[in-house]
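We just call them A, B, C and D in the order they show up, numbering each chain from 1.
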């Protein structure tokens, strides 16, 4: 018997209307805590500032941690949805509301069906995934002293695949990432007297263009690497040359070698371009860091097998290496447990297939972080709940031996 | 007998402590109005929003308009002065406080000495010079229906010349200027998936570098031209590729031909660079426009002669063409009157001479709009008052015929 | 019994001393033809201008084509070898001399051991691989009307892997490539009057930097793509701004989608950058094109198995996708036959391992096309001969049925 | 009586058909020497390799040196003239053939009219003006030990002003110039493996774009400065990343301060951009240097007065500062004599006026060094001869005292 999804859909719309920034997810956390308590979980709140964990002990067996992240993004929503964000400049543009709603639904379902499985279930609602500090904050706040150390960490990320599709990529699956803030120091002055200044905007522009050569020329073509400048800010008035400019970079790689090579090249280029301008040494600040997310190979295959059995083979895809990043891996590494983290499709399937046929996927199917990102509610939510339940049950067999042998 | 400058110096420090942005100069305007009234002027307030005009009718003769501008800049002061700005992020970095204090001092002096001259004196305190709308706003508000149309417009700008020096450059003296706001439209997305986006930051950087070729390659080396990008803003988060980027440009030229050539080149480059990115046509907004400031040749020479007679030849310099811009010319053009606008030195003379000898003027003498711009109070203020009085008296002779023949 | 390699080593040194450009390989072709004839082959010369083919009919069985390419590169050798190139500005910098010497050795060996195998052997010496026209020229000259159509096409490329190592990558193995010549049209003039010109060198530089964004921003990070500007030429004198500039591009991709996306982006950028300069539309000439080289999956695995059996597993590696390109695939496509093309290591093994341990492979082990590229003669040549013989014998079993079933 | 210009026009066409590069002007020099001898001059040949000097002593008086330069340029002519260059890749694109023909004509005229003046006339035909070594070479070869030291040096340059117009700019008139050759060192390799290389073409492109910021941002807008990259060469094949790239720069300025500032900026940028690429320090070679050409102020005014008297005021213009460079000044400096060097218009006047009215001068009137540069033969040559004669006669009065007082 499948639970009626209506209430979860309503919950989802409500979450979508009320996005909250990293470490400020108090409303979302409160909802999650209430629901977990209502479903019979022991609930801990305020772990890592706004994190919430529910524990359901259900006899001997494995301990499975299901994780959802809660934070939204500083993006101005432009979806035209009737349940669009009500907060100016904030949006669930990365789909964490799907993660939260799915995990609440799955936690309910698993609680209701507890006679069918055995073990311990941990439902974890993490803050601040986007800014990369949430998982670490929960660990530093003593997470694994407060709840059992899991035998496996499971989770999912909604993305621009057809709604209903799921799948985990074995091995390195999400990129390692660094967030880097750079401030270059020129010398300001009147816009009409550039010769008395060192123009930090020209310097910043030269850096942006030179950074393009890292991926284009310095990383082997076979390697996966990204250097994005997502933020540039300088000046207040057209006719004043400012003193400084700031650049916000995001770096991705799937191996430590490539990551180091990129970082070295950024430092070399930024420093040298400042020298080319006759400017002082810039300041490079390493703001956040995500490790490479590595799915356990056997665990991923086992999960994909379970998905195939539950949803049919046509619904299971291998998303390959995803250039996005995730800090869920920290929860597994700290536990010494395998990680299985899969992709959950959220795109309207007919539109997706039409765009795929036309070769216009990138144009017509909005991806995460876009102001147009809008997963279809169904079958996305139902499949998101089912995937969490199915994956969890793979480890939570009442016959423990059988589950180990997979 | 020279008036004791102490009260004016105090007034100056007070103005410097309380900078106000364009069209918000209510405190400054109030002070000016009070002082004019106290000195016996008929005062009109709120012309062009915050503009103030005082009229002193003193018998038959020429009508002379003395002009000071009042607005400050969004610059964070970094002078270390004990009378530094008390307003975060605002500063009299262009020295308009010197202009205001000098004109108040000169208006006083001329009122006190009215038995020595004849004619009509207009002391005009203009808002919003920096943003280029103040003079136009006063004219559109009916300035010359409310006060007599002047026979000459006089004014001064403090700058990084030795304090005590003054001088007007005959002919084109300050550049024509355009302030241009450009918005480029990319397509945003996740920082890890650049291939799904059109990166507006890379586009903006390419535009900034390409714009350098206008002055370097498209304008004749003998011409005076400036294309400054004083402002660039895009993005909110390092790992989100934004949808748009905005650039704020300031353009200067001394002839209409060159100005048109530059504008054409900007439009050509901005449009083509967007095409190179596969981006839509950018939006180019012409925010403000200053005409070339042209000093009346005979009037400038006559004023310089009067300065030489009053202050000695060593104090009078020809500043040459200044690449900054000014909207004072609009007040003269609208009146059909000649304009004489001179430079007033404000730099500490020993420091200036040492820097000049070392060839480090650009480095060691802060120029207008710098957070370090700090005219020495004396002899700057005394000379600023004297220059206004001397120039005005050149037109306000009691013997009208003699003054006409100069 | 293994043939003494000395004569082949001498032959190799002789070939290395006498590099010949594409379609000018008359000396090399003559040597190959003489050797083939001496070994008992029927020899055809002048196929595709300078191509040579030897056919050895040895009873019923498969027809196997072994291919070597002959042309050298316009590179000034800087190896310091005592057998370095004697031709100014020309060098066997891509190791085709290794291919030729190995194929001569293998043809000899297979002729000497003809009692051990059955079938037909074709030894093909192809011109002009580097310029991409050689295989096509031989086909257009009626190759497969003059010699039997092969059942399999085999060949090898020496590269910076440890000498002695071999291995074929199943599936797409070498990139598809385009060679593109671009001419931009400015307007020349005196170097001191840039405003009268359209500077084609500034335009070319802007194109070079903008092209970097294709790989960095427009191709998915997971895809393999290269856009190299290998040649730029403009101007004759420092103080003359020239009329034109020419750029020579080389493009690589492993899928047609990516190749088309890159070509589209190049056309878009080149055209728009010309527009940004106010220059006429540039000329884009597609000079050469290599398809993606796709190794037959079963054939590659079978060949690798044979290598493992013959040389030990430690000598067989999977080189992965190679971003270089090869036109050998055309010979297989035209024959409707599977292709197996493997990498042959040529680097001094101790040096290679030391560099690998130090992470300085790119710096310390010269790659193909470098003026320092210098394969060690042994064991490279011996292994090159053995690999060709081993692979050929896999198809040329006397027991035909067994060989078919692999 | 004015000499019939036909023979000089024929001579001009012949010179135009036979351009010769710097220091190779043997045919031109031979013609000049023959003509001077025929006119009665004492002739010295081979001064500074290919230089020719004729001396005509005509009683007491001033010594006047008239100078023409002889060398052509490596430009492929594209004028369509029936007397176009017959030498591939060479052209009198700077009009030195006009200078030579005019001086031959003037030397004839002055010899024929020697009864009308007194003094010593030196007709000097200089090699290698374009490459900047010719004047220096003649001086180092003992010019002023072989001929009298002149009291004044006179000369002219044809340019895109209306034919018939002449005029000398008093004071700094032609820019000082440096010719600079830069070699950047990357690390070559295969075009498909950029990560193993340091790409010198990307580096060179980054330098070219960064150099644009010198004139755009580092030199005061009021100053005259040029940084031209007239030459860029790298690579031989599209798919080989070369080891090096070379850039040829030409720099102009009217003051030593600006020249030094530019040179410093070039060195800073080139060095830093190499560092940004991780490349070794580039090599910067200062190939040639021209000083600022300074016309004697009184001499220029006197010459312009004589032109006005001879040709009418409408034919005399002030060309202003010319951003081109000339080494004629060295001949005056070495003699301690004043220099007067004027512009001679060569453009078809109706076409010039139409283009001026349309604002398309830069587009429609080819300037020096353009492959389309084609002065109209008349009135250019007649005016060129007359101008030399008129200017020379200003100093060569029979009444010496009067001529001194001008």
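The working rule: contacts are C-beta pairs under 8 Å (C-beta built on N, C-alpha and C of every residue); 3 or more make two chains touch, one makes a residue touch a chain.
The shown structure was predicted, so the numbers you read here are calculated from the model rather than taken from an experiment.
Novice: Quick one: point me to the chain whose Cα centre is farthest from that of chain B.
Specialist: C
Novice: Look at the interfaces B-D and A-B and say which one is made up of more C-beta pairs in contact.
Specialist: When the contacts at B-D and A-B are counted, A-B has more.
Novice: Using the average of all C-alpha atoms in each chain as its centre, how far is it in Å between chain B and chain D?
Specialist: About 43 Å separates the centre of chain B from that of chain D.
Novice: Measuring centre to centre with CA averages, how many angstrom lie between chain B and chain C?
Specialist: Centre-to-centre distance between chain B and chain C: 66 Å.
Novice: So what's the Cα centroid distance for chain A and chain B, whole Å?
Specialist: The mean C-alpha positions of chain A and chain B differ by 50 Å.
Novice: If I count partner chains per residue in chain D, which residues reach a count of at least 2?
Specialist: 175, 192-195, 199, 202, 206, 209, 212-213, 216-217, 220-221, 226, 252, 323
Novice: Chain adjacency by touch: line, ring, star, complete or other shape?
Specialist: Chain contacts: complete, every pair touches.
Novice: What does chain A use to touch chain D in their complex?
Specialist: 192-195, 197, 199, 202, 206, 209-210, 213, 216-221, 265, 268-269, 271-273, 275-278
Novice: Under the touch definition given earlier, write down the residues of chain D that touch chain C in their complex.
Specialist: Touch residues, chain D against chain C: 73-75, 93-94, 130, 175, 177, 179-181, 188-196, 199, 201-202, 204-206, 208-209, 212, 226, 228-243, 245, 248-250, 252, 287, 322-325, 362-363, 366-371.
Novice: For the complex, which residues does chain B have touching chain D?
Specialist: 175, 209, 211-217, 220-222, 224-227, 252, 257, 320-321, 323, 359
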